[in-house]
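Here chain A shows up in two complexes: once beside chain B, once beside chain C.
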Partner chain A sequence: MGDLFVLAEHRQGELREITFEMLSKAPEVAKELGGDVVTVLLGSGVDAFAEKLAAYSDKVLYVDDPLFADYNSDKYQKVLAELLKTHKPDVFMVGHTTQGVDMAPALAVELKLPMVTDVMDIHFSDGKLSPVRQYYSGKVNADFGFKGDPPYLLTIREASFEIVEGSKQGAIEKVESPLKEDLDYRRFIEYIEAEVGDVDITQSEILVAVGRGIREDKNMTLIEDLAKAIGADICGSRAATDAGWLPHDRQVGTSGRVVKPKLYIAIGISGAFQHLAGMKGAKTIVAINKDPDAPIFTEADYAIIDDLFKVVPKLTEKITELKG
Partner chain B sequence: MTEELQSFIEKYDLLGCIQCGRCTGGCPVTVRTDLNVRRFVYDTVDEEALEELAKMPEVWDCTACNTCAVRCPKGLKPVEVLIGLRNIMVESGVVQPTVRDALESVFREGNPWDKSRATRNDWMKDLEVKMAEPGEPVENLIFVCCTIAYDPKLQVVAQNLVKLLNKAGVDYGFMDTSETCCSSEVHNLGEEGLFEMMVEDNTELLNEYAAKRLVAISPHCYSVFKNQYPDLKAEVLHYTHLVGEILEDKKLELTRELPEKIVFHDPCFLGKQNNVYDEPRYVLGQIPGAELLEFDRSRERSLCCEGGGGKMWVETESKKERLSETRVKDAKELGATVLAVACPFCVLTLDDSLKAKGFEEEMRVAEILELLGEALD
Partner chain C sequence: MKTFVCIKRVPDTSEAEVKVDATGKEVDSSRFSFDINDADNYAVEEAILIKEAKEGTVQVICLGPKDADVMIRMALAKGGDSAIRVEDPRIFAKDPLQVAKVLAATIKQEGDFDLVLTGCMSADNWNMAVGVALAEELGVPHAAMVNKVEVLDGKVKVNRELEGGLSEVLEVSLPAVLTIQTGINEPRYAPIRGIRAAQKKELKVLGLDDLGVAEDEVSEANSLIELMQMYVPELESKAEIIEGEPEEKAEIMAQKLVKGGLL
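Moving on to the complex of A and B:
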């Protein structure tokens, strides 16, 4: 019976959400494996991270070394290979993120690890680990099985698991870095933040989208109230941004931003085709429009066919009430 | 390397340019962006500079309207120089995600809208549509276009054409869901490799149908089939050719009055690219009760709507008024109640601008086939 290793991911002094998403699923997986949840952390000056992670782990193994001040997949690979060889866990979970997909395949090749990428769920079938990933642009979910011996390497898709607050008090073990000198064939140069406006709507979890149906600039307050109540960012159709109600970086559509939030509330948007193509990837789409033939309803999961000036204030009121 | 770059000079006949500036002088987007196409024709002669030039954001401002080529006294095509530069960026893999997704969707699903191929003909539901079969003779093989097939607002264009053809009793046939993007916009976005592949595959597919004529509903499909598919066996027509012929031969009569003031906006890919100016006007002129108006800037001087040249997937950074906004304002000043177009992209851009300007009460944007549908009942 082996342990479950989870790689902690951090950037710019913050632990990334993917770490806690993986750690929230981890106890269930570790129980099936009959082992412990062991979080692996590499960094420089990361004692506080280790303590935080202990609440989600049976054990935190961490390397604290200035060589790990910035992420470098080559250095990670060297150290992780050593740790996996020494500790021989059953499963190693890494985020399917820019960092994870940069490093994990090379690690798998080096140690000849069986690997499944972009995993969105994990089952056990007859006691055997069976990760789930998608095919055909997300139309089919496939269960996978492994050939060969563990450790099995999984890269986990972001937002696949809900974060559950950790209540463990895991042991913290600082380990000596097996990497004794810097590797200079790939160097960290600088961190460049992507240029975005004040809000990057492609990253928003909830979006309230506005169209010409709101008629005038002054009616934007209705939308702002709803967005505030529900914790959403505001975006709009091209007609709405062209009318000057919103900055142009809030334009959703094939020529603007393509968004995939968890919830998209389209208000007074009839649904120009280039707009539909820019938002149809949203997980849940709610459309409010008084025209039952509005094309937006071809993409919507929930349709409210009524006057938005009646519906939106009520919706805001109800949400505020429910949120207490 | 040198050989490849020399071919850029040869391919676009760059040394033929006399730098007269008629291209830039007529380029419609210069009123809102820094694009100077004359300058690009001059600068791209320098082989070493190509990669840097390709990175300039203005390269993506061009709408491929063809005004520069229409005005060039030396018969050059400055627009193609810009598409060549886009090709350098596409080849290097550095393109906007929206462009990447559209191209990938054409490759995967045969349309740039990320729609499933299997649902391409869903617009036919509840309609009596005659289907063409490979190998069986058909007078008019109709090519729908991805945007018209999938956009719930534009499907009525294809549906009305079916009704009209059924009523007129002409021999026609539509294709099954194997109909695949004409790839006009693939070319305009600079993905030459994919474009060549699509031309080859589509030529083979279309030639399997024993069609005398290939009738495209969108000017973009019409233009690319006519000019960039050298091995097509069928004669290529735009639907206004076919409908004009039907009305002229009195195979069909438009009976219902439409008391509208209609102004026609020339789609660049029909007008400036292919000199088709009279047919749409003839067809509109047959609508009883309608009064036809003309823009000051019409026919070869027509103002582009900025919907072509891959611009459905690339936003121009300029915040100055869109040309489509200028166009709807001009239409309103003329007193038009309908801004008629014969192109799906023109419908999308002009309709958005009509809404942005808040003119919905006084005027509407309509595809000619929408109006014909209304005049038929």
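Moving on to the complex of A and C:
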């Protein structure tokens, strides 16, 4: 009988959504394993978090110590390694987030844990745990199995599981931190908040979004013309902001902004999950892409499978005509 | 500063049709075009910027086939000093922890170092794991998803990019491994003179035996994970597909937007 451990993720005084996404899938997984859902929480002054997490867990194990005031992968690794050695769960779920991926692979190496990262679904076949992940721009899936001994470490992709309200009343157990001193080789200094530019795209009603498909800076005029014709603000994929075609505050996605406009027109964007996570809340989505297999079409309401250089100028022209 | 930078040759599948091959565990890559992994290109640039500011060397490391030499020479042309390519059919490259072991063994046999840079993610495998696992194998601290690096005395001050545009500033002591996020700098083009010079720079090719790594540490049979099957998922789309010539599509879409009250 093995338990399922889930690492609670929090930052700047808030539990992050990934925590509840994992905990929403957890009961199903724990049932197959024949064990409990145990949430592991490390923080400072986090009694309230523990209470909240108890509603989603059979047990909350938590360390409350000023050493954990801010996230630090190395400190987490030290404590988690001890907890895993003591409790020997079957499975340990960690968010495939900037916190999780900064820590999980090192923990796996230290304890020789079998690990599959960026897991987007979890199946059981013949009673055996089988995580699903993707390869090649999200165009193929792969089912994995484990050969080594548990605990099995999974990093879970954000927004893979829908959040369902917790109704458990798990026990809350405080554990003494096995870490007694601060580490001197990795020091947190401060957070730097996202820069705010001239336009706040999270407030825009209509967005024209551009990706690598536009190819060059000089082609941006096509996008600007369309945006002007429909009164839209311009945003883009990470590829577009990395290339310098747009300022960073116009980036949509997990590492950019989450937008919820009335209308989102995605042009030459493939639809990597990091991008989709930022725009799938848009009311109506139009996608223009020449690749029929582009994942962006899974979120689109209207699909134009064609060359953007042929379609976009005409679209601008027709809209201008119709609006007269 | 003695810096290593790990680069991988990956296919560009953003526009390609992807089909699973006869083994059911890999895709048919015969028609893909390949190049340096996006994040690794930024890591190379960062390594060279550090060398330009602080002096020292940049050594390029790649686990990959002979075809990767073109990309490796490009990194040398931009300012890398020498390179090691590891190739051995016994390595199970789908397990990031095995890859990290091989890279660690390669770096260790070159002696001391100050900094190892990797990309934060490989575009084909999407593990986001090799760099951080490599740090643990080497027994040095790390920071993942780095979008700013400042080399100080005996340590680096880095910004880690978090979700939603937030960053975190950290100080990490050297030697260390940093995984580099795209957008951290503007990767240069290789100068013509550099391309010529690169042909003369050392590019060693090593296998497991040269590295003193036992096959059972890195082989598929001894991996703790098993890739059971690959398949193309059903694309579930509720989208209305607009048909016609490009001009007709534009016309239909314009009608829907304007008349449908979407604007």
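Basically, the second predicted complex is superposed on the first by the 195 of 324 C-alpha atoms of A that agree within 3 Å, B and C clash if a C-alpha of one lies under 4 Å from a C-alpha of the other, contacts with A are read in each partner's own complex, and residues count from 1 in each chain.
The rule is simple: a contact is a pair of C-beta atoms (placed from the backbone, for glycine too) under 8 Å apart; a residue touches a chain by one contact, two chains touch by 3 or more.
Since we're looking at a predicted model, the values are computed, not measured.
Legend: residue contacts after superposition of the two complexes on their common chain; A:R238 is shown touching both chain B and chain C. By the touch criterion defined above, A:T298 lies against chain B and chain C together after alignment on the C-alpha atoms of chain A.
When both complexes are overlaid on chain A, the residue A:R212 reaches chain B and chain C alike.
Once the two complexes are laid over each other on the shared chain, residue contacts for A:V101 go to chain C alone; chain B is not touched. In the superposed model, more residues of chain A are touched by C than by the other of chain B and chain C. Of the two partner chains placed around the shared chain by superposition, chain B and chain C are both touched by A:S255.
Within chain A, the residues touched by chain B in the first complex and by chain C in the second are 137, 212, 238, 242, 248, 251, 254-256, 258, 270, 295, 298. Chain A contributes residues 11, 71, 73-74, 96-99, 101-106, 108-110, 112-118, 130, 133-137, 139-148, 155, 184-195, 206, 212, 230-231, 238, 241-242, 244, 248-249, 251, 254-258, 262-263, 270, 284, 286-287, 290-291, 293, 295, 297-298, 300-307, 310-312, 314-315, 317-319, 321-323 to its touches with chain C in the complex. Those residues of chain A that touch chain B in the shared complex are 137, 211-212, 215, 237-240, 242-243, 248, 251, 254-256, 258, 270-274, 277, 280, 295, 298. Remark: chain B residues 97-98, 101-102, 108, 113-114, 147, 150-154, 311-315, 319, 322, 325, 348, 351-353, 355-358, 360 touch chain A in the complex.
Residue ranges on chain C touching chain A, taken from their complex, read 11, 13-15, 17-18, 20, 25, 27, 96-97, 100, 120, 123-133, 135-137, 141-145, 157, 159-173, 181-183, 186, 223-233, 235-242, 246-247, 249-251, 253-259, 262-263.
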